[in-house]
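There are structures below to look over.
You will see chain A twice below: alongside chain B first, and alongside chain C after that.
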Partner chain A sequence: MISVEEFTNQLAAEFEDVEPNTIFPDTNYRDIKNWSSMYALIIIAFIDANFDVQLNAENLKSTQTVRDLYNVVCEKMK
Partner chain B sequence: MPISITHISTYLPQNIITNEQLAKEFNSSVELIYKNTGIKQRYGSGPGEIPSDMAVKAAEQLFVTSKIDKKEIDFLIFCTEGFDHKGPSTSCLIQHRLGLGTHVGCIDLPYGCSGYVYGIGMANALLTSLMATKVLFLTADIPSKVSHKKDLELRSIFSDIGTATIITKGEGEQHFIFGTDGGGYDNLIVDHSATRNPQIEGSFLEDLPYGHMKMNSTEVFLFAVKRVPVLIEDILKKHNYSIDDIDLFVFHQASYFMLDVIRRKCKIPKEKFFVNIENFGNSVSSTIPVALYDAEQKGVLKKGMQVVLAGFGIGYSWGATIIKY
Partner chain C sequence: MSFVTVNNVSVKGIGACVPTQVYNNLSYQHVTEPERELFIKTTGIKERRVADAQTSTSDMCFEPAKQLIDKLQWDKSEIDVVIMVTQSPDYFIPGSAVILQDRLGLKKSCLAFDINLGCSGYVYGLYVLSNLLSSGQLKKGLLLVGDKSTVSTSYTDKSAYPLFGDAGSATALEFEEKANTMYFNLSSDGSGKDAIIIEHGGSRHGIQDDTFDLVDIEPGVQRAKRHLKLDGIDIFNFALREVPANVNELYNASQKNMSDTNYFVFHQANKLINESVRKKLKITDTTKVPYSINQFGNTSSASIPLTMITELTEQLSNHRQTLCLCGFGVGYSWGSAIIDFDKIVCLPLIEI
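Moving on to the complex of A and B:
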């Protein structure tokens, strides 16, 4: 598994409108500029395509930061 | 390329459904509906108007503008998920309504979002096997009539449009990629519309005599953003092309947001990626011909351009090809 920093960089690249270097592991991803429910779909698609891990709405609800997401992915990959 | 798309016409019903109308009806806001869909307006068929009516109007328009003699048509393909009857084939009825010759072969094609690519594929097979020389390919659907009146998501995305395309033989080889995963069938389905789950008497479905469209938008989104980039990579590889060799990408106009994610995943530059869902909505199998026609009118699509077409959705079903316009 990649590092949490690399995970954050890859995830940040999925959001076109987001300025570079504004998302960090401890960023609450719902605070991303112009956040909408569509962004949640981007996150689910990103994790599905890159880590073959399928998250559901409940998994997302239990997370706040990018690091939380990373930890859920690591846990599900075990 | 062995097929040549020589003419396209579209039939847009008079009833334009705006975000203002939907916002008022659903106590929502114009901005929110636009933000969620990227659509400003969509089309609704008139009372009693069904897909064959729309396809006939598009075809009649095409015969006027193209000046093609109806006698030259020797095959008719009609793509819809809303046929007149379970039998006979609706294309037979359309042959008669359009006054086409009795030498015409007719096929119905019951496909949705991948239907235009499937229709081109069938036309290619007919033309290269010398079963036909000039194919009239019609598409039309009435998603508005299978969307529940309280379903804002479906009603804000889908649109009723008919199109007509003339396809003839060109030079060279035409390649296609098709694919299917019927395991996703119930994530986008027009239920209670045929023999599997007939209409239930006394239920709300009585308001939906043609069937009830249901969509699990999260699953459909995940299917498309995973599948379509692979589809595009495969069709380019089949031609030994890169994105640089392509002048324009015209995909099924599913939703603005989905298209944008797919475009970025495929690394297609914005200027090569045609999107017109804002003013037309998602008209199922009609989105690609509507986009081709619109792109040509706007001067974005010119004769001789290499264009990637890709359809994907209900089935799950997908297909792609590259045409020289």
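Moving on to the complex of A and C:
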């Protein structure tokens, strides 16, 4: 599994409208500028495509930061 | 898995119909401009066609059906079955197929009935109709598939309103000995019933005092119980979980190779979902996966025949083509099919 920093960089690259170097592992991903529920779908697609892990609505509700997401993915990959 | 085959039936022609009225999602004032742009980029849905108040679902199926009968030079007295697949029928009762039997001038001995399915409906409809014809006792049939989804969406619900377009279609099938086998894999999971639902108006809740009251659900999402509710995250997960597995099972069971399939025509849900499904199926040649969603949005049950008409008319009219068709959504209900189309009649897209 890649590092949390690399995970963050790859996820940030999915958000094309977000300025570079504004998302860090401990960023609350819902605080991203212009956040909308569409971003949740982009996160699910990114994680499915790259890690073959499926996040459900509960996983999203229970997470705040990018690091939280990373930890869920690591847990599910076990 | 429910893997089934049908023999001795072939598809003769397809027509599709959309309303003339174009809605551009860039003009969707309910959300901010950046949100509109992100929506269009993510879902792929830039424009949709929206039927006016006078145009019903059956109107959008009547035109392609009438023109298809003419083009195929079918004698109306030979049409033994007409099936309508819709979740936005003209009336609660009677069913739309019966209305169209009369309006199309079909004989009284013609079987006519409706099937209540949405995004999976085209694949299911093809299975049911081809089965009815395969014994040769009934010779010719029409599959009419369409929805006026925009009648049930709330303007102030950004999670549903900009997704849907209206469309209708007609597909002509005929008993034909030695036609190539059709392969189907059909599934259902009613535990997902709440993911896409219109809660009020049916016999469960009827019409109550609050049926038409707009309720704030979350920021940007305000709708009434009579409106269509759609849970994007649940649907996305359902699609990723079930759709690639269903298609892979179909290929395994039929002993067909995906590399021999000319095109994969998926229900046009939204681009993010469809592209995720495509990647999971490891279909790397994107030209094999046509889209009509950019211009027409999610047209529910009509999305597969509409995409065949708008994107594949040249290929389907002039060449023998093997297609994988795959519908998935409301229910949950989903299914896929491998079908050979041998130089079928494709009507030019009809606008009403």
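In this text, the second predicted complex is superposed on the first by the 78 of 78 C-alpha atoms of A that agree within 3 Å, B and C clash if a C-alpha of one lies under 4 Å from a C-alpha of the other, contacts with A are read in each partner's own complex, and residues count from 1 in each chain.
The criterion applied here is as follows: contacts are C-beta pairs under 8 Å (C-beta built on N, C-alpha and C of every residue); 3 or more make two chains touch, one makes a residue touch a chain.
Given the structure is predicted, the values throughout are model-derived calculations rather than measurements.
Asks: After the match on chain A, would you call chain B and chain C a fit or a clash?
Replies: Aligned on chain A, chain B and chain C clash with each other.
Asks: Please indicate which partner A:M38 is in contact with in the superposed arrangement: first for chain B, second for chain C, both, or neither.
Replies: Both partners.
Asks: Name the contact category of A:L60: first (chain B only), second (chain C only), both, or neither.
Replies: second
Asks: Applying the document's definition of touch, where does A:A49 land relative to chain B and chain C: first, second, both, or neither?
Replies: both
Asks: Quick check on the superposed pair: does A:D17 touch chain B, chain C, both, or neither? Answer first, second, both or neither.
Replies: A:D17 sits against chain C, while chain B stays out of touch.
Asks: On chain A, which partner touches more residues: chain B or chain C?
Replies: Touched residues of chain A are more numerous for C.
Asks: Could you look at A:V72 and tell me whether it touches chain B, chain C, both or neither (first, second, both, neither)?
Replies: The answer is neither, since A:V72 touches no partner chain.
Asks: Looking at 62-70, 188-196 or 296-304, which bit of chain B clashes with chain C?
Replies: 188-196
Asks: Return the residues of chain A at which the contacts from chain B and from chain C coincide.
Replies: The overlap between the chain B and chain C interfaces on chain A comprises residues 16, 36-38, 41-42, 44-45, 48-49, 57.
Asks: Under the touch definition given earlier, write down the residues of chain A that touch chain B in their complex.
Replies: The touching residues are 14, 16, 36-38, 41-42, 44-45, 48-49, 57.
Asks: List the residues on chain A that touch chain C in their complex, please.
Replies: Checking each residue of chain A against chain C gives 16-17, 34, 36-38, 40-42, 44-45, 48-49, 54-57, 60.
Asks: Which part of chain B faces chain A closely enough to touch in the complex?
Replies: 35-36, 218, 221-222, 225-226, 257, 260-261, 264-265
Asks: Can you tell me which positions in chain C touch chain A when the two form their complex?
Replies: It comes out as residues 31-32, 34-35, 38-39, 41-43, 159, 218, 220, 231-234, 236-237, 240-241, 272, 275-276, 279-280.
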